[in-house]
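Let me begin by handing over the structure; questions about it come next.
Going by the order they are written in, the chains are A, B, C and D; count residues from 1 in each one.
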Amino acid sequence: MSELSNEQLLDIDYYLRLTRTLEERLVALFRQAKVIGGLYRSLGQEGESVAAAYALDYKQGDVVQPLIRNIGAILVAGAKPADIIKQYMAKGDGPTRGRELNIHFGHPARDGFIGQISMLGDMIPVMAGIALAGRMQKRKLVTLAFIGDGGSSTGAFWEGMNFASVQKLPMVVIVENNGYAYSTPTSKQTAARTLADKSYAFGCAGVTIDGNDVLGVYDTTKRAIENARSGGGVTLIEVMTFRMKGHAEHDNQAYVPKELIAEWAEKDAVVRFENLLVERGVATREQLDAIQQRVKKEVDDATDEADRSPMPDPAHAGKGLFIEDGYWG
Amino acid sequence: MPETTYIDAITQAMSEEMARDERVFLIGEDVGAYGGAFKTSYGLLDKFGAERVIDTPISEIAIIGAASGAALMGMRPIAEMQFLDFITCGYDILVNFAAMNSYLFGRACPIVVRGPAGGGTHGGPYHSINPEAMFLNRPGLKIVAPGTAYDAKGLLKAAIRDDNPVLYIEHKYLYRRIKENLPDDDYIVPIGKANVRRRGKDLTIITWGAMLYVADDAADELAKDNVSTEIIDLRSIVPFDEDAILESVAKTNRVIILHEAPLTGGAGAEFAARIAEKAFDYLDAPIKRIAALDVPTPYSPPLEAAALPDKTRVLQAARELLAY
Amino acid sequence: MSELSNEQLLDIDYYLRLTRTLEERLVALFRQAKVIGGLYRSLGQEGESVAAAYALDYKQGDVVQPLIRNIGAILVAGAKPADIIKQYMAKGDGPTRGRELNIHFGHPARDGFIGQISMLGDMIPVMAGIALAGRMQKRKLVTLAFIGDGGSSTGAFWEGMNFASVQKLPMVVIVENNGYAYSTPTSKQTAARTLADKSYAFGCAGVTIDGNDVLGVYDTTKRAIENARSGGGVTLIEVMTFRMKGHAEHDNQAYVPKELIAEWAEKDAVVRFENLLVERGVATREQLDAIQQRVKKEVDDATDEADRSPMPDPAHAGKGLFIEDGYWG
Amino acid sequence: MPETTYIDAITQAMSEEMARDERVFLIGEDVGAYGGAFKTSYGLLDKFGAERVIDTPISEIAIIGAASGAALMGMRPIAEMQFLDFITCGYDILVNFAAMNSYLFGRACPIVVRGPAGGGTHGGPYHSINPEAMFLNRPGLKIVAPGTAYDAKGLLKAAIRDDNPVLYIEHKYLYRRIKENLPDDDYIVPIGKANVRRRGKDLTIITWGAMLYVADDAADELAKDNVSTEIIDLRSIVPFDEDAILESVAKTNRVIILHEAPLTGGAGAEFAARIAEKAFDYLDAPIKRIAALDVPTPYSPPLEAAALPDKTRVLQAARELLAY
């Protein structure tokens, strides 16, 4: 069962549970109007998000770049739940001190992850640049970028992928084909047979896999990462998954056929992974419940911490535009 | 007739123009089945079909570019940006292709690019843009920014009927916050004409968009001190109504320019510069600009409130000018 | 030999000769400092340029969009040599009245062609929009766009191709793989196996052909056009050819291996096409010479006309920014 | 030491900085073997190798984006636009990613984006841009525009060493037209400091870039009438030297702002607005701006000459101000 130790498998389960529980907590906070702005769920996609990010080696300096639904990925990279909640609650001592929202934060050289900006696609050239710097600095780091079916239509995505492929940069890109971009089905996003087929345009490796198969995603990503690390260049991995909720909490996804939701509900990656753990004797249900208990406690603590955090000081609104002004220390 | 919200005014304008003129169509992300992120195009797909309400990939270059190509062929596309912040992704093709058709090639390119703009809704730095100034030094694009439901409808109709590319800036803060009685008849608001929203003699506030209401509040407050404030709602940024500005300044001799975009390089600079050249003799006091701080709009409400202009800052400027 | 009549074959030869002769004239005018700004030769590429454009049906409203090296294509579409020379000489009665340069002119609905703007890639979405309008107007028109190996790296190209493919628009795109983009060889432009492989990313048809085989280019383009006209969607045709001169007249192409130039000189499309005409008895050398005489006369006349043309009136510099001001009539 | 042209000053700055600091590298189209469309990077590939002089595909988004990513990792990329006109293609990632790193995320993103700008060379509408104003209302990007060889070198070094993204605007008209004796020593010109190019007391001309020489000519002409003109070479547009502007205006009481970009929404509007607010009491006459017509730069020499500002127009404005 993969090359993963039992300990690692349980670690993955921990992140899956943490992701789901944290997001559920955010929903509760959203309903209490404590979360300001939109809330974007990754329900149904936690598997690929966690598994892919788990395949990186953060000690080597690897860097992951999440989309809005990749809370799982940055948790794996080391983001603190309290920081995420603070971001959502627009608190003054969160990572961006209330300037940016949700999981748009992180420093590639310091944190092992870098949040996206809203303009979809822009992070692909940026991640190429991070990989380029790593190579120039003679470090063996690999970058892992997430992009959506929708985001993969942007010019920025194309230019970044093309540049990375020409340069044979150590970069792996996960295209999350979750069926929709907001209300737009993938069929209106592209006429390509698969999103992995875009790899032909770049001359990089490309593959389509089951996104709800945690171990499959881990293995494929891991191979792609090690290939990249050893100079093999870019891989584009299309993971087939599904966005189980609307685009954001305000969206009731009326445009999604009910049967499709029901069909994918059966394929939940977390349930599937845990069933496997139990079947293969990696863990008992009790052990898994214990993980859930631990996770709940962590999320409770994080919520408390975020709740107690101050809002930003309005007097700071004008500071820090240029880095030398010292606002960020 | 029931009162019409600002957002409904926009929807009505599109719907009526599409009914009137079959060359008009809508193109953008999620404008069809979903009816747009803010439901601005809700119902249009049912009325006009998928040929005229086109859902696109996430591709702002393609949206603006395809709209421009269709416009050259005599169509009248409305290109929606899901948020006007994303217009930056199609910036090049808008300023270098669409906006240049007339001057360089003598071609009419009647596109409207529209979408939600503006802050005050905790949208953060990527969902709060006031985009006008990015385009002000790139000739060839008309720019309008309605602040009332009446103008929202009338200017959008004018923009659709205009033979040039027009950037139509809708303020999302106003979508459902303001309501007005609109005429039943078809009407347009001409591009390039300001509206004297309030007549006064002691002080002029030149503004547009959601800042109208900040200006109103400030003027109400000043009225308590017997100060009579003239409010010029510019409505059009390119071309702008220079005469209206200069006339008002000639009358009041004191002027505040108020806008929601950051101060430096904002459109207000241009209006101030025109006044400083052309109404110099009428000025009894410095020209004041009240605008956002020179930063991206921060997300957290206390920061956002501090960054954006408000009544307090307008009042302070007004009192300085009046005491000058 | 294709479906082309002898008359058509000679017509093609006429355009090939006209292109080459006109460009040679422009070089002479450039050396006399009468051509202002850069001069970009299509030497070596005239074959594909003329052949592809010849496959359109301008009476149907078809529209071709040239790059800077596609003088041949717009001549086929009906551009007048005098207009082209006037543009190069920045004359006041040229198509853009001195405002824009070289073959950046034309109106898709009036002229059957639309010149590019300088920003490479931007015309692809525009041509998609023209095709879209044609379909909405229930016309059976097809658009033909040229793009370079270099231009096909731009985000605008990608977004336009993707949109056109999703919409199955009647559009054919010729990627001119002429070995270089300015000084950059195609190998630094893309890692794709072929540029036609980009079609996989769009889910459109794609093919790589010999760009110096006039009839082959005609046939392939024609099939793609008729396929597009009957609702079959987009085709991407990579034509393999070579830029025999530097990027522009000022560029001595020192970066191009001499052998490569010599190799491609052997493959000249015009020579090859004319040999074929003679071999197959379509024309005698004398007939071809007569064509050349006719062409020379036309270019002489056009030069005279352009020479006599006035420079623009500086008083007009501020006019015509908005179409309603009446400057353009 | 032989005189150094403006373009050689740029090449020297890059070469010296690359030698001094191995984190500095150059990325762009045709910058390697060809040495750049204008040969600005000629010789750098030989000196520093293909790892540090990177030829890219035609992909401005990728160039600016990859430079930004590398900068976050501690590198100091110089991203070349073959012409600054093409910066519009990477506009989004520059204003929305690069420029926002500090304010939003506290990250240093030390990139320099540079390339040829400006008109007067019959480059036409797509090869003549003066790009500064497009960025002026988008906070987070520093902008410099040298008009001398000395400043070209010193400001580029300062830009490379700066911890923020800097847009470095080189005027291609000056590349080989001006020459100066440069110091042998390493020096920088601090970003944000204007240079008083000529001291005077009757009139101030605020300008930058190639317009310096138009200002010089006008001032020489005015000197014949015993008018003493002060010329402020702004050099930096963001941040700009407000003190230098205000001091000069306080002294001369008359001011012309001269720039090559179109008038409306040009950077000059901002300087005019600042003066109209902060030096109002010192003004004895209207603030005049001399700038290009509000059109894309036309190609044909007579049109281009008519569109761009020249000495005649400056002199006319000066005489009006002096007679005021």
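Methods note: contacts are C-beta pairs under 8 Å (C-beta built on N, C-alpha and C of every residue); 3 or more make two chains touch, one makes a residue touch a chain.
Since we're looking at a predicted model, the values are computed, not measured.
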Most remote chain w.r.t. Chain D, using mean C-alpha positions, is A
Pair of chains joined by more contacts [C-beta pairs], C-D or A-D: A-D
Sharing more than half its contact pairs with A-D, counted by residue number, which one of B-C, C-D or A-B qualifies? B-C
Separation of mean Cα positions, chain C and chain B [Å, integer]: 40
Averaged over CA atoms, how far is the centre of chain A from the centre of chain B? Could you give it in whole Å? 36
In chain D, the residues touching two or more other chains are 56-57, 59-61, 85, 88-89, 92, 96, 100, 103-104, 125-126, 139-140, 294-296, 298
What positions in chain A touch 2 or more of the other chains? 96-97, 99-100, 117-119, 153-156, 159, 162, 166, 188-190, 321
Flag every residue of chain C that touches chain A in the complex, lowest number first. 153-159, 162, 165-166, 168, 188-193, 197-198, 200-204, 233
In the complex, the residues of chain D that touch chain A are 25, 51-52, 54, 56-57, 59-75, 77, 92-93, 96-97, 100-109, 139-140, 142, 163-164
Residues of chain C touching chain B in the complex: 95-97, 99-100, 104-109, 114-115, 117-119, 122, 124-134, 136-137, 155-156, 159-160, 162-163, 166-167, 320-324, 327-329
Would you pull the chain C residues touching chain D in the complex into a rising list? 36-37, 90-92, 96-101, 117-121, 150-151, 153-156, 181-184, 188-190, 255, 311-318, 321
Residue ranges of chain B touching chain D (in the complex, touch as defined): 85, 88-89, 91-92, 95-96, 100, 103-104, 125-126, 133-140, 238, 261-262, 264-270, 272-273, 275-278, 280, 283, 285-289, 294-296, 298
